[in-house]
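A, B, C, D and E are the chain letters, set down in written order, and residue numbers restart from 1 in every chain.
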Amino acid sequence: MEQILVNGLYLGAQYALIALGLTLIFSLMNVLNFAHGQMYVLGGFVTYTIVSQLGLPFIVGLIGSAVTLAVVGAMIEKFLFRPVIRRSHREESTMLLAAGIAFFLDAVILLLFGEKQRGVPKIINGVFNWDFRIIMPYDRILIGVLAIAMIAAFILFMQYSRAGRAMRALAQDRVAAQLMGVDVDRYSMIGFALGAMLAGLVGGLLVTITGVNLGMGGPTSIKAFMMIMIGGAGVISGAIAGGFILGMMESIGLTVLAAYGDITYLVIFASLMVFLAIRPQGLMGKPWG
Amino acid sequence: MTAMLSFENVELYYDHVYALKGVSIEMQEGETVALIGANGAGKSSILRAITGLRKIHSGEIRYMGERLDGTPAAEIVRRGIAMVPEGRRVFPYMSVKDNLLMGAFTRTDKADIARTLDSVLTRFPRLKERFGQSAGTLSGGEQQMMVIGRALMARPRLLLLDEPSLGIAPKLVQDIARSIVAISRDEKVTVLLVEQNSRMALSISNRAYAMSTGSVVLSGNSRDLITDDRIKAAYLGGDV
Amino acid sequence: MTPILEVKGVTKRFGGLTANDDISFDVAEGEILSVIGPNGAGKSTLFKLIASFLKTTSGEVRFKGRVISDLAPHKVARMGVVRTFQETTIFRSMTVRENVIVAHHLRSKASLLGFFLGTRQARADEAEFGASADDIIAFLGLQPIAEELASNLPQGHLRALSMAIGLATDPKVLLLDEPFAGMNHDETMRMVALVRRLRDERGVTVLLVEHDMPAVMKISDRIVVINFGQKIAEGTPAEIQANEKVIEAYLGSEDAAIGI
Amino acid sequence: MSTSTRLAGVAAFLLAVFVLVPWAIAASGRWDFYYTLTSVALLSIASAGVWLTFYIGRINIGQGAYALVGGYVSAILMTKAGFSFWLTLPLAGLFCAGLSVLIGLPILRLRGVYFAMVTLVLTEVARLSALALPVTNGAKGITSIPLPGEVSLFGLTLIPDFATLANPKLAFYLVAALLMVLCFAALYRIVNSRLGHLCRSLQQNEELSASIGVNTAYLRVLAYSISSFFGGIAGAMFVAISQSIYPSSFQVADSVNFMLNCFLGGLGYVFGPMLGTLLLYFGWDLLFTTGRFQLLIYSSLLIVLMLVLPNGILSLLDRKGGRR
Amino acid sequence: MKRRTMLRATALAAVASLAFSGLAHAENPVLKIGFVGVTSGPAAAWGTSNQRSMETRAAWINETGGVEIGGTVYDVEIVAFDDQKDPKRAIAGMEKMAQDGIHYVVGPNVDDGAAAVRPVAEQNGIIYFPYAFPKELYTPPASNAVLGMVANYQSGPAIYKYLIENHGIKKVAFVAANESDPLSQRDGGVAAAKELGLEMVSDSVTYQVDTTDFTPVLLPVIQTQPDLLVLSGVSPANAPQLIRSARELGYTGLISTETAQDAGVLQEGAGELADGFISVGGASTPELASDMMREFVDRYVAMFGEYNDESNTKVYALEYILETLKANPAAIEDVEAFKTTMDTFEAPNPFMVGDAKLTYVGMTSFGQKRQLSVPLVVNEFRGGAFETLFVAQVD
């Protein structure tokens, strides 16, 4: 039992971090970023290149991923989403754009990094073993703790920094934020960059454990969508809750339902649909704009 | 003396519908000016044009002698123009504190901001009681006070108020009216007030413009207008 | 004569907030009744409850003696209680005429499949709707803009269009939400005349929510005043204008406003 | 557009599809285009379904689920119950329509991205169900499905047995094209009849729709079930061509593509999904020669197209002073 | 603008095709061999190793003057089609091959694609070499598909038998991804293991391919304490993570798979935790590789920068096609001739030391010779490279 909870917690932390970026972009721009998973994969490959190919320390890799993805995110917002949002009649049009970007990043990743699975060496060896009740390798503990620390840092940033306040304001009421002197274009870009950066950071963190390959993008996006649906799209607390809930569901489901064969995910998906039918706005509703 | 704010023959339309048809108005520093008229007469469009939310299509807006139209919205706030938007538009999931701090977004001196925050809280003691609460849980009147306070946080020279009495219980409307008078007096702030409650607007302003379908139809001292028969008939709901 | 519409002890709560608190009144057939009160007093909620877009927390609404407050909104509309919307709620990317024709839905005798197949009945319906739409458009003086896209119309026309949509459903009771908002004096007076004609010529009972006091006083047979979700007064325009409670809560006493 | 020009347009289109294309293929010897065009026809049917849900204001990324279900229904009926393919085709559509009523009743209450994301999950649910259910033969899929058989009436052969044909490609193309023409004719009819007006009213303002007496819940489910019907027959037809079906025959990527087809063609135009499918599918095929840069070029073109024509390709017509 | 984009597309296509025709611009007539498989998306590694091994070998042949078949010297051109792992696209690819007059196609890489292209291949006279295991593709009446590698139901029993004899394993557990190919392979493996008398302790646990933490997946499996954990049809991407999670959970038994893996990927993803991992590989291990295999690897690296161990077996398909054509030049235009030749065909295997032969096999499994005789090399991963445990032959 303890093992299941710890697994769920570890999974939840990384999921929540992925969902945070997606929900931030959604809340600011009303864009469902189909390319989020690809950004995550790109982050993984950047860290891989820096750590495994160039032989630099892991932390440099992480920073490299964060910076690269922030720049990529900013570019995507400025040159792609902004003009399209401005000119399209229906806001769903951004979905085509997002999907196009997802394909594009897939292609770029394939050309730059190849088709193989990549990984970086373990950053710490050893396994924490509490009497076989909880078994957790130290590197996972580290990554889990780092992920939770990043979530906390993100919350603090959004809560107490000037830029964070500006983005929250923007998400809740675009016009009012503009009236407060918030440069809407600039902060939309910062928000998108931040969201992309979070995706890149998770990619960088997880490359030490799961490795990275170019196929992880699409499924990651779908999982992230599920998390923000569970929690309520566009809400920070919802994304975190959604991440941890999905993590726990996987952990518990895989253990409890394993005996029944291949149905864990079927059950998870089906219960998600039932849940949304009952509570369409997710757990936390959609309070921001 | 040059006007603090002036509109010269300003035209503005949404899609193909005119919102302002060649409007010219003027305000002097320290005045309180009211814009009255029916919904859709163009009052709010004037405010949107000043704050840069809408681009004007012809004419000129000048502020402190300089061209204002075409300036980015953020820069306009920095120049000392703050607006209390229609329907309040609080940031409902932010605390009262964060809402107020958003008002000072363009300012950087932290100590200075803290001083302004103090003075706003002194002016609206209710906000102090609700300081940590999220703004969405406030009553309509409290929200209205908060957004006025939020605008003051920018330490504006020109304060724009868009329908501050909308959806507010009559008693509170009077409180708000008193606050507006007090603010213009204490802070030496110039006020441009858009109101449907024409009686209130005329009673607390120095001058007023009456608007109809995108044009100014009447202007003058508020005291004179309030007794004007045309105004009475059209806006004050006398005998019909 | 039995009232066409009875509002009986209607209460609506949203979470902790009580939007309507035990409101009761009757509407006689052919009457024009205004509901007034400050913004946020619960007038719009009341309209939604009457048209069954919201379900009452307690109390009921009866139409011709039959409870309608637990029916689906489209069923209430079919019975003849039709609500028009505040401001610009129309089908924006249809032309004026299309808007009005679509609104004839209630009157169609053919089934949807019939329309798909283009049966004789469907064609007859279509022809009838077209004629009726033209009729309504003429009635409201909208002929010059009949082929304009609704999203291109100025506000005054939108209001008329929203009225036309309401009329197309052939209502017994029409709920008008702020029909005069944003109109200048002349427009308001024309609209007042129009609503009167609606009642006189088509026998429609009209309920309206409005802020424009002169218009309300002119048009209404009776007025219901709501404040903070509660009914505080009911009566003829003259009675309401003289009612102390109403003056205090809504109309405001002159001294209070000027004497700051 | 007057009736005569419209009729001329329809005639020209039919002529192009049923005469010009076979002639051009025979002349150029590009027999592989038959399959490409057959795919385009079938995928555009599924996309047409998605388009219809857009028409009532719902973003549908779950059409792949119905295509898969339709395919399985046809495959199972043919292999296990010995039904004729021609009978399974409508049955597959109807089964999907029925299923979509059950699924649609709860989820159609959702709007915006929530509906979109739920439908996205739906495709995955269909795949996992196909893997888990015994009737679908699980992971091993259903293979060696017979080609469509003969249909005869009073001894008169209406449709020959495909297995005896020298060129089943042409036959499949003709059937798919015919289906496409029928589906789009139906769609056009829906859009331009009262039903379409009501759908549009739903798309623009569900509350107002209800207030003029439209049974919005019923209409939503109706539109969704027609949409799923299209998905089902497209899936069933594909099974007949590949003579096999696997849980992965239609997947999330397909659902996303169906949606993209609609966007690309233009959400405001009945024939948008057809054009969108043609361009997206053919585009990929044409870029075949670019080798490893295929995906890069393809996605770049998609992005450029989106930047230039955010409202779909058919919005070009508008700008030239078309109807609006 | 539409026209501009069209122009752009056409221009690009033109440039690209120029570039490609430049590759094979020699005067020799060209023999086109097709490839239809997945070279993008999640499973890109499978098809890419196919395509690259073919292109490497083709370039090599062309460089050394081409291949002589029936007195004519041909240059070999590889025509590759990315089916994106979509069976519908795979059909389009096969149609394209037919259009190009190609009769020999390598691929597709997965079950559904291989099944979907069957009607097209049979109608157009194409022999194709899928990397997919369903038996009905290779058993009569099907006759155009030739299995390009050793199937799991062939390698599995060999591996289990070896492990029973050498490690005394008794209890076995299976884990597979929740997708068609791995699940089918699991079912095959489970049947084979039961037949060998092994005790099945867990055979129902599956995972999503996008899993980022396999601990919850493996936990119930490890708790059954198997001696052998079989990762059925595991993709190179998932293998290192599964191994790592199993080891970190304290599992000390054996781990094996019947699919080919890449040593580099295992080393990067699991490091020394992967030591002892048993998988099926090709013939590039030092004990088996001929000089030609070593040169092939060198050329592959020179062309594509990095070798992929999966390519070991995948280079065989092209070699088989060319050698069979040499043996019966009539087969260039006539696949029936190819089929008859298959029954008797034999040629030396240039990639292996010793006197290994290229032959077609499969009588036992399929009742007809519809499988390449690829050496069944069972490897053990140790210290970043594969070591050969034993070598066997199918049939």
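Here is the rule we go by: a residue touches a chain if its C-beta (ideal position, glycine included) is under 8 Å from a C-beta of that chain, and two chains touch if they have at least 3 such contacts.
Owing to the predicted nature of the structure, the values given are computational and were not obtained by experimental measurement.
Between chain B and chain E, the least number of touch steps comes to 2. When every chain is reduced to the mean of its CA atoms, the largest separation from chain D belongs to B. One inter-chain figure worth recording: chain B and chain D are separated by 54 Å, centre to centre, where each centre is the mean of the chain's CA atoms.
Mean C-alpha position of chain C lies 72 Å from that of chain E. Averaged C-alpha coordinates put the centre of chain A at 41 Å from the centre of chain B.
Chain C has its Cα centroid 32 Å from the Cα centroid of chain B. Each of the following residues of chain D touches two or more other chains: 128, 131, 253, 292-293, 295. In chain B, no residue reaches two or more other chains under the touch definition.
Across the complex, chain D meets chain C through its residues 186, 189-190, 193-195, 197-198, 200-201, 204-205, 207-208, 210-217, 222, 324. Of all the residues in chain A, the ones that touch chain D in their complex are 26, 32, 34, 80, 83-84, 87-90, 92-93, 95-97, 99-101, 103-104, 106-108, 110-111, 218, 222, 225-226, 228-229, 233, 261-263, 265-266, 269-270, 272-274, 276-277, 280-282.
Of all residues in chain E, only 1-2, 5, 8-9, 12-13, 16-17, 20, 39-40, 80-82, 84-88, 91-92, 95-96, 98-99, 110-112, 115-120, 123, 134, 136, 178-184, 187 touch chain D in the complex they form. Chain contact summary for the complex, chain D toward chain E: residues 30-32, 34-36, 39, 128, 131, 138-141, 143-144, 147, 168-169, 238, 241-244, 246-249, 251, 253-254, 283, 285-295, 297, 301, 304-305, 308-309, 313, 316. Taken together, the chain A residues at the contact with chain E in this complex read 3-4, 7-8, 10-11, 14, 52, 106-107, 110, 114-122, 127, 129, 132, 135, 137, 140, 206, 209-211, 213-216, 218-220, 223, 250-251, 254-255, 258-262, 264-265.
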